[in-house]
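This structure is in structure tokens; I'll ask about it shortly.
Going in written order, the chains are labelled A, B, C and D, and every chain counts its residues from 1.
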Amino acid sequence: MGTLFPVAAVLAALVVGAVMLLLLGASPGEGFAAMIDGAFGGPRELADTVNKAVPLLLVGVGITIAFRANVINIGGEGQIVLGALTATALALALPDWPAVVLLPLGLAAGLVGGAVWGAVPGALKAYFGVNEILSTIMLNIVAVQGMNYLLRGPMIDPAEIESGSRIPQTMRLPPATDLPVLVPDTRLNLGAVIAVVAAVVVYVFLWRTTYGYRIRAVGLNPFASRYAGIDVKRSTVVALTLSGALCGLAGAILVFGSESHRMVTDGSTTGFTGSAGFNGIVAALFGGLHPIGTIPASFLFGALLVGANRLQRVTQVPSALVIALNGLVVVFVVSSAIWKRRLEQRAQLEAVQTGDQAAQTSLPGDVAPAAADPPGRDSGTDDG
Amino acid sequence: MAETLPGTGGRGHGLDLAMRGIVKRFPGVLANDHVDFDVRRGEIHTLLGENGAGKSTLMKILYGLYRPDAGEIRIDGEPVQIDSPRRAIELGIGMIHQHFMLVPTLTVAENVALGLASPKGPLLDLAPVARRIEELSEAYGLRVDPGAMVWQLSVGEQQRVEIIKALYRDAELLALDEPTAVLTPQEVEDLFVTLRAMAAEGHSLIFISHKLHEVLDISDRITVLRNGRLVGTVSSADATKAGLARMMVGREVVLEQVRAPVEVGPPRLEIFDVRARGDRGTEAVRGVSLQVRAGEILAIAGVSGNGQRELAEVVAGLREATGGRVLIDGSDVTGADPGQRRALGLAYIPEERMRDGAIGQFTVAENLMLHDFDRPPFARHGFLDFAEIERHCRRLVADFDVKTPSLDTTMKSLSGGNIQKAILARELSANPKVLVASQPTRGVDIGATEYIHRRLLDQRARGTATLLISEDLDEILALADRIAVMYEGEVMDVVDRADADVGRLGLLMAGVRDSGT
Amino acid sequence: GGAGDEAGGGEGAAEQPFRIAVVAPSAINDLAFSQSIYDGLVAIQEEMGGPTKVELAVTDGTFVVEDAAAAIRDYAAQGYDLVIAHGSQYGTSLQEIAPDFPDVSFAWGTAGDTFGLPNVFAYEAASNQGGYVMGVMAAALSESGVVGIIGPIEVGDAKLYVDGFAAGVKAQDPTVDVTINYTGSFSDVALAAEAARAAIGAGADVLTGTAQMVVGAVGVAQEEGVLWFGTQADQTQLAPEIVVASQVYHWEVVLRDMIDLIQQGTLGGEAYVIDLANGGEEIAFNPGFDLPADVKQLGQDTIQGIIDGSIVVPAGG
Amino acid sequence: MGEFFTSAVLVSTVASGLRLSTSYLFAAVGETFGQRSGVLNLGVDGIMLLGAFGAYYTVLNGGGLWLGMVVAITVGLVMGLAMAFTSVTLQAEQGISGIGFYLFGLGLSDLLFQKLVGTPLPIRGFPELRIPFLADLPVVGEMLFSHSIVVYAAFLLVPVAAFVLNRTTLGLKIRSVGENPEAADTLGVSVAGVRYLTVMTGSALAGLGGAALATELGIFQQNLTAGQGFIAVALVYFGAWRPVGVMAGSLLYGLVASVVLQLKTLGIIPRSASELAAMLPAVLTILALVVAVQRERQPAALTKPYERGA
């Protein structure tokens, strides 16, 4: 029931989008048909949607860990870049290794790169009291310049120097690091499986392991956690590190699963990440800050982005419209959360009037499913 | 802006309030169920009831913070709609909230001036505010420095600021929600002097407290609520402690616990010349040495802000000692973290239970496991064992009589008393060698207080060394074997229960050393 | 959706329009890189008989390489006759996509490499040539003996242009100082503006710059009254008083050839360069700027020298 | 290195730093109001872009600079109203709705630009306003007193903001609402009202910051701000929620950027290291906070929506 609200919010945003299309002289009907077709129209479209969703899911799941520790990680962009760089560097360094070793190793390198870029703001916050919003914004800037430096200098494809064209890109990575394509004739690759597995692992981690318990405890009440013998500072660092690691993994997958099998920069972060570091936050929220809920949320959000690109191509409106629409969807989705909360409160209220004690469950929004809660669902009122 | 600056004086003398058929529902509870409540001019009328009975809710409705689902409020016979605190203030209603409504980063004068028009238009002008605060301080015996930052004030001073805020706005009717819960006996006395003076001037006063002797002392009439419903209104002259307790709880309550003699064992908690800084960086604990033996309750009495809290935190490992040593069961734990101390047998009931003792949004079960979640049998190889955890928590909830709809209920939706019982369950389940209990029954109703006292005495009988920190002298006299009085970070004296009486403790708490009469 | 009403007469009765799609990294009206290809396409469209004969589809502002790849794939799948990837960073994606659509012709700019694929064209501009010409004029015009160049990041077309310009300055007058400042961003207009101020502060009285963020620098040049040379598009309208000349690309020169080849059944394999000789590059003098005749002559001589081969412009390094 | 320390270079470096700080300063001081009242607006960059476009478009069409400023402020107010509605009334998660507003502003400003303007034609900004006497002082005259009116306005905003926050009844309400909204509510202060006001003020200033950028540069382009709004938000944290601190942060950021530019222009920083040099402002901002060891507490209610009785 509660998931209807984000969906309704997306639809509302699209209505505004329809008005904008009309103003631009395009037909909304044609536009939205193109959008649906572009996102779901066939195996190739579905594969693109899934591929677009993969970094959103990984970032979203990472963000969930940070959020649960009460840290807002808006450094996803930089962490993706770092993960991509370390994964790429490793692949370039070990060109002859077999796929069974090199691929996992490369992905692990991505994890590590992102982890480091998450650990820095984590440590700055825990040990120096530097607010993570400040540090992650600044570290995004550092990361993009680092990327430009490396891809223009030390990591550039030697052929680019030779030919003098100096396109800031690495050479083609060893084929061993190509993510295997799962469905022939599409671009659906192993990244999708990795992301879903990561989401499940994070779910288990957060709600079934002692370390996850620590992170959630610290996020909700650092004072009580400290008294409970939990190292609050370390938990903050760990949460941001893990969050960064997942973003880094997304970066590695972006490179290994890319069309060109190499890392390319246009000089901006977005040029590489496609704003996944931001959009992943929205996907996480859409998914109720729950790793499992983030899976369908990322898929829908990926569909929206892929579909909107097709919309642009079919209706020939400026692509800026797609960005504006993306923003509207984000605003509408976060704003819709209140109706969901209200609905759940009302359900509790009615349950009381009918004397149904069982419906008196945890407050909405917390969505902190205890042991018995099925994954991916808010402790709803309908299964009491 | 309707309010103006000082000097306008009262607009009349008190209000006649009538609340009729008030109903208020919250998700999961019927907090007020057709409650009728009257206050007359010049009267001090007490609202009494267990935790969660609906007292605060009724007051918040009166102050425009909640909208009632049904019912009517009349002031001086006229029906009124109170839809915001602003409206309540306009009507001459003031409220001292259970949790202080102060902005800690502002000065006293700024807190008082907040929301009022300034004689200089948009510009702040705090000088006349400070003057008027001093006048009010004078008139009602409410000493406070207008220029002090609120976060630097003791709880008692903060409360005075709250009262001044209401008086400043010419409150004719003042509601005080558990104003004494955080005060020392002397401060309670001072407050009562103020309240009586106000009543004598014709102010109408609503008083809420869980302490029956205070209620009997100050009230003209007493209205009892239970589970959101009105039980009845009695005249204070006709009421007795036992009778009130029965009205509140619906059964007989044992008001005095029997303190059986217990064999005292070896020292379990030893504190040598401990020093520590307070939150503001000043030295809060200045060379305290104490010993607590097995089977003994050592109480620390004192006006709040004299280093008791800091001392408890040093013992619990939450605050660094700047000097001295702490030993638990013979082991030096001065540099140890809370977890290590716990392993040696320490348990701690923190003063700020929702801050240090519990995680509000965690479930009851998760809170009960807060210290043990990472050790077998509750966790294996880093994974939580939910079956084991549930079994354990069920037992604790049953043993400690924690009233909760389920183990998956969030902690913050329990009543204050039940939260305290859950913390007690967690802390006592390990049968600690040393227990530090800070204000264990503050704000807790008499039923739960009775229960908690019994558990503390049980623990004493089982050989636990208890360091009890309380500002409630009744509680101290009911439980302690020895009493240490702290004043300005030092122990004034340690007296045996047998030699202690309220007068002597009061003098020590005021910093007057025993002349040995 | 296919537009194009059935225009009666002509050669083939039911002739389909020639369909061209272009994917570009910045906006098609950026007065710079992306605008140059768009202007070329529009020119070709006019030349070939308007929208009924040539259908254009544009996806611009596509700085995300993977999104560009998706767009390229999508246009190819929709059966466009020519899909242009107008960004050197798109090349390696194109290399993967083109073999999947052997019946579609692709063009990659700006680059000199067709990857040996039969259905890929490549096109680039010898932007160093125009740069060189303008560098020569800049040296001649500079009174302070300092010339400033502002670039985005040191790659591709931008680097080629900057190096050519610097070489031209030095060739004309080795004593003139050249300050080169790559701001590190294609988009940070404010930084480009401050880089221009810094160059002026260092004594420069003639400036040039490349990529879309230089619009900020042009404004500063105008405000401070120093001269400006533009590239990639005619930048006269940005600052009519101080723009001396701009190097303008006429991609239609190579596009025309590509389309001919495609219509004859050759889908790629050719690498084109526009330069001063083939008319793909033009130095557009600002008619409103009072350029001393000798300097203009110097410029025209240099152009001629490059065309006839008597002047060899170094190609970066 | 010696050539860097000639007074001409120093003067132009400092002057350039001041100009670079200007748009941050508008946006960051505006954001300070919102944050002091408990609302985080991460959408500043998008609002700046829309404000920049509004001003640019107005001036381009002959509306004049002052009208351009008014348009930018109006655009900011409208965006602020929307932001306040989502964060205050609908209690949306502020960090995220802000990113939504950013993307919206980024896309819409570009869309409008492409549809209404197309080619980035130049406009003329405010002329240099030399302050009598002061501008004639040696060295400092050129450095500090020969700028356009928007630069002075940005710096004048700092004492004004500090005065409003610390010396007015409104400021008292803002500070209270950001620390303890419940307490303010019980005294009849409208928490929502104050927050709408601060968010809209902040957004208006963000719009003005965008306008300052567009008129100073005399141009508009897609993503003109290049992320300045995000840096402005970070500078509020840097400045510990005080206008003067925010100014210090803006100056630090602007000056480091201009020093780097200058050193690159003089060839002191080699071209191969230009990206590394571009990191410097960000790195130094973080380091400054680490070293300055200021543990300023953020407003206690920052990012927390307020609902009576919740």
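To be clear about the criterion, a residue touches a chain if its C-beta (ideal position, glycine included) is under 8 Å from a C-beta of that chain, and two chains touch if they have at least 3 such contacts.
Bear in mind the structure is a predicted one, so any value in this text is a computation, not a measurement.
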Task: Tally the contacting C-beta pairs at the B-D interface and at the A-B interface, and name the larger one.
output: A-B
Query: Rounded to the nearest whole Å, what is the centre-to-centre distance of subunit A and subunit B, using the mean of the C-alpha atoms as each centre?
result: 45
Centre-of-Cα separation between subunit C and subunit B, whole angstrom: 75
Task: Round to the nearest whole Å and give the separation of the Cα centres of subunit A and subunit C.
output: 36
- request: Return the residues of subunit C touching two or more other chains; collapse runs of consecutive numbers into ranges.
  value: 27, 61, 153-154, 184-185, 187
- line: So subunit A residues touching two or more other chains come to 145, 148, 152, 318, 320
Field: Per-residue multi-chain contacts in subunit B, two or more chains
entry: none
Message: Output every touching chain pair, sorted by label.
response: A-B, A-C, A-D, B-D, C-D
Query: Touching subunit C in the complex: which residues of subunit D?
result: 8-9, 12-13, 16, 19-20, 23, 110, 114, 118-122, 125, 213, 216-219, 221-226, 228, 257-258, 261-262, 264-267, 271, 274-275, 277-278
Task: Could you please specify the touching residues of subunit A with respect to subunit D in the complex?
output: 20, 24, 72, 74, 124, 128-131, 133-135, 137-139, 141-142, 145-146, 148-149, 152-153, 275, 278, 281-282, 285, 318, 320-335, 337-338
Query: In their complex, what parts of subunit A are in touch with subunit B?
result: 208-211, 213-214, 216-217, 220-221, 223-229, 345, 348-349, 351-353, 357-363, 366, 368, 370-373, 379
List of subunit D residues in touch with subunit B within their complex: 167-173, 175-176, 179-180, 182-189, 300, 308-309
Field: Complex contacts: residues of subunit C adjacent to subunit A
entry: 1, 21, 25, 27, 57-67, 69-71, 74-75, 77, 87-89, 91-93, 95-97, 111-113, 152-156, 159-160, 184-187, 315-317
